[in-house]
Amino acid sequence: MFRLQKDMSYLMPVHFGGDRFDTSYQARQKATMLAVTFETERAALERYIPEELELLAPEVKVALDQLTEINWLGGGKYNLVTVSVPARFNGKRDHVDAAYPLVVWENRTAPILTGREQTGVPKIFADIEDLHVFRPYYATSLSYEGNTFLSMQFEAGGPITGTDLERMKLQIKSLDFIGWRYIPKVGAPGADLSQFIHFPQWMAVERAYRGKGTLQWTELSVMQNPRQHHIIKALANLPVKKVFLSILAEGEVVLDTTKARVLE
Amino acid sequence: MFRLQKDMSYLMPVHFGGDRFDTSYQARQKATMLAVTFETERAALERYIPEELELLAPEVKVALDQLTEINWLGGGKYNLVTVSVPARFNGKRDHVDAAYPLVVWENRTAPILTGREQTGVPKIFADIEDLHVFRPYYATSLSYEGNTFLSMQFEAGGPITGTDLERMKLQIKSLDFIGWRYIPKVGAPGADLSQFIHFPQWMAVERAYRGKGTLQWTELSVMQNPRQHHIIKALANLPVKKVFLSILAEGEVVLDTTKARVLE
Amino acid sequence: MFRLQKDMSYLMPVHFGGDRFDTSYQARQKATMLAVTFETERAALERYIPEELELLAPEVKVALDQLTEINWLGGGKYNLVTVSVPARFNGKRDHVDAAYPLVVWENRTAPILTGREQTGVPKIFADIEDLHVFRPYYATSLSYEGNTFLSMQFEAGGPITGTDLERMKLQIKSLDFIGWRYIPKVGAPGADLSQFIHFPQWMAVERAYRGKGTLQWTELSVMQNPRQHHIIKALANLPVKKVFLSILAEGEVVLDTTKARVLE
Amino acid sequence: MFRLQKDMSYLMPVHFGGDRFDTSYQARQKATMLAVTFETERAALERYIPEELELLAPEVKVALDQLTEINWLGGGKYNLVTVSVPARFNGKRDHVDAAYPLVVWENRTAPILTGREQTGVPKIFADIEDLHVFRPYYATSLSYEGNTFLSMQFEAGGPITGTDLERMKLQIKSLDFIGWRYIPKVGAPGADLSQFIHFPQWMAVERAYRGKGTLQWTELSVMQNPRQHHIIKALANLPVKKVFLSILAEGEVVLDTTKARVLE
């Protein structure tokens, strides 16, 4: 019969075996990141912020990451788009500032599963085009079963250099997340597990470009996207008060999964 | 701020709202099922059976389901392949016979997430071709990022009719699962949640055909399928002592999600 | 060395061999067809009609065909959307009425190649969703690299029966095309081959439903669809004066490829 | 009505307009190329060489090109695998040495159409994975509707530098093709067009690595790949007498389409 081993970490299906829990493990990958950040109305945004968190600024960052040479995926690749806000967890014990992801779309299932089950990152699936690059223009689209719901465009200005680049390297270095891991009860409303989790990650930036980014949301009907239409609607309806300077950066992204911890 | 509602059921991301927990809800879909069952060696198979379960027979069923007109996916579709064994849960309170899925491959992420998080069904992703139908031949292939790991073929004989069909309808009617829902600890080995779950589901068969089915496994390298190669290897190496008559059936499949319950 | 055989039919690559030219061959497949037809302004439409043809009515038919169990593709499947007008070829010898396809989008390359090279059907690639069916609602979307450019929706009314069905069967029976096969010169403007071709095809309708169909075009930028944006723009800008009753039909479609002939 | 313009170049569908024939146009793109070359038996290989050509050496090159930032595709991308041999066209007028492609698999339809119809390159469709890169290991797979038929692997050795790199730059510089453009007759065996075409193309290599490459062919059944199974079988059965050193190169690839010319 199959028996669980004490020092192992498992994901479903469990009975084919797990991985030894190893704190030296880090998920590493090459990344091209395109981040578009805008200011919105605080009240509109706070509707989606749980009471355990404090919204540090009414700002929404929409960031595409195109990941390649991923160590834990045998050198494979995937794309993701993170919609996050700056937040503070104020618990009995922990007081932590980090990005709170409202939603993360990814075009590969394996990291969706690990992200949700290990660290409470609210990942869901979408088709995400690799960046089309017709310099200085960059573009990608997110779609669900043939229906586009987000177009991202970027027109690159000059490269960021010197002290500006050094400042940006420091600024981007921390990409820590606060995840809300929520596993429902079986056969009843409510949760069997509801935890806030601090998940350390960072990017070592090698090159970066300033530029003009744009976001274009298209709402979808229930039939076009039955499980996500309300998320798209919520984000598409956030007022855009100001779009900040957008950034395209290349470098290495590291996820320090085993250093994640439950916040209290 | 976002606040959880008492009678609601949520999945991540939680803060965009959930669904009212409603016991009248059932997932319904049209299904074409192709099931190939074989006898293997008990000892080889029991290596993958957790001690909470008893293996009722050393038999493995590999079943493709091609689902369409899915009510909870807006009329969309997906394919899945379930590898399961007949098992009994012998707990302090519950004594239940059902299929125990060793693994379920699906080609759509949304049902993978609900299956894992709501009912502990060990679903993972693969590309699964819609059935190619060149009567009387049927074929499908499972692949991961371009690497085929399972080919299923079927040569249909005559339709099943009369009392044979009635018997089959009764036989297939119950497709109940025992899932093992396992959610790992954060930043440590072991589990925050480890439960066996009874998940009722059934098929109303309308048409069925007997025939000759074949399975062909191809093992993949770590680089070709870094997260699943050990599962494929385990299944590919189960000795095939006898292949039973295979079945192609069409009808409606119903998943009674809210009637799922934790076994004790 | 490789030598061409006299009674063989070849497609590139030629040197691996061809198929014996066989007039008994017909491409056969199961089909679900959703046709939405609208009236437009004659002058606007005639801009896209070559002078060899006469536009019989200022009507545009947009028809999805979902094909399965395709004999020449080993039982495989694909979807296509045909945009066509009723036309007459008035040549020196031939006087033929048939549908003139302005464009055909298909989600599989093999039939695109045979259609273009053998019979001059102007097929190009798009992602085309299998019909989502949430009765009585049907929907599909056409997209190119993640960018939706056409949504088709249908709300089915009752089935067509009795003499109405018989009339429809006769009406749909002929789906003959007039193709314009055009192969460019090498290293120069103009054509090495420019021919009008009559291509016989038909559908044996088994079931049909009337209903309300809608088309929604979304224009794409050059960067989003560099090779087709002008086609989408042209079609999206045709005035819709009236939408006729839409039809959903199921049956068998036959393409009589070897009976195609060059019109003169 | 639509009328052809004299100085324009068209592809089907013609009636939406063409492009001005412009000899300054070149298709440009970034490329990562992985080339594995082997020696085979002359007689076995010559079965696939048309009599108009002379086989210069019994060598087969299988080269993956991963193309990005493609100017004529709006900055999009695609992958291709070319199987070619060194050949000489000995005509009445022309005597030309170049690579003769036996087959080219591509994972995007638009360049398949231009390649076939403009320059007689025998392109057909396959799914081709982006390179998985787990340094020093590289891998890709070609599959058709879920069935793998070719795996390519590469283990990189050191970078090629100095005079070796300069020699390689010169060596790879010319990637000229001889295409055989063949358009069948309508409703009869034989051809309406059968031409050999010289198509100039080259690569400006920036970086290159030597290494050990491997090819693994898997034959497919007629049902698994109805239109290509004979091509795969032919290539899989070429004896491998010796595998040469393999090359991974990065740089820019240029196709000089308008300089293509018919050989006589």
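So that you can tell them apart, the chains are marked A, B, C and D in the order they are listed, and the count of residues begins at 1 in each.
In this text, a residue touches a chain if its C-beta (ideal position, glycine included) is under 8 Å from a C-beta of that chain, and two chains touch if they have at least 3 such contacts.
Just so you know, these numbers come straight off a predicted model, no measurement behind them.
Interface residue usage between subunit B and subunit C, two copies of one sequence, is largely shared: over half of the residue numbers at the contact are used by both copies.
More contacting C-beta pairs link the chains of C-D than the other of the two pairs C-D and A-D. Rounded to a whole number, the gap between the C-alpha centres of subunit B and subunit D is 42 angstrom. Taking the mean of the C-alpha atoms as each chain's centre, subunit A and subunit D sit 39 Å apart. The geometric centre of subunit C is 30 Å away from that of subunit D, both derived from CA atoms.
Across the assembly, subunit B contributes residues 74-76, 132, 134, 137, 139, 145, 223-224 that each touch 2 or more other chains. Taken in their complex, subunit D has these residues touching subunit A: 68-69, 71, 74-77, 130-135, 137-139. Partner subunit D is touched in their complex by these residues of subunit B: 127-129, 132, 134, 137, 139-143, 145-148, 151, 218, 223-224. Residue ranges of subunit C in contact with subunit D, taken from their complex: 1-4, 6-17, 21, 46-51, 72-76, 101-103, 108-110, 112-113, 116-125, 145, 180-193, 195, 197, 222-227, 230-231, 234, 258-262.
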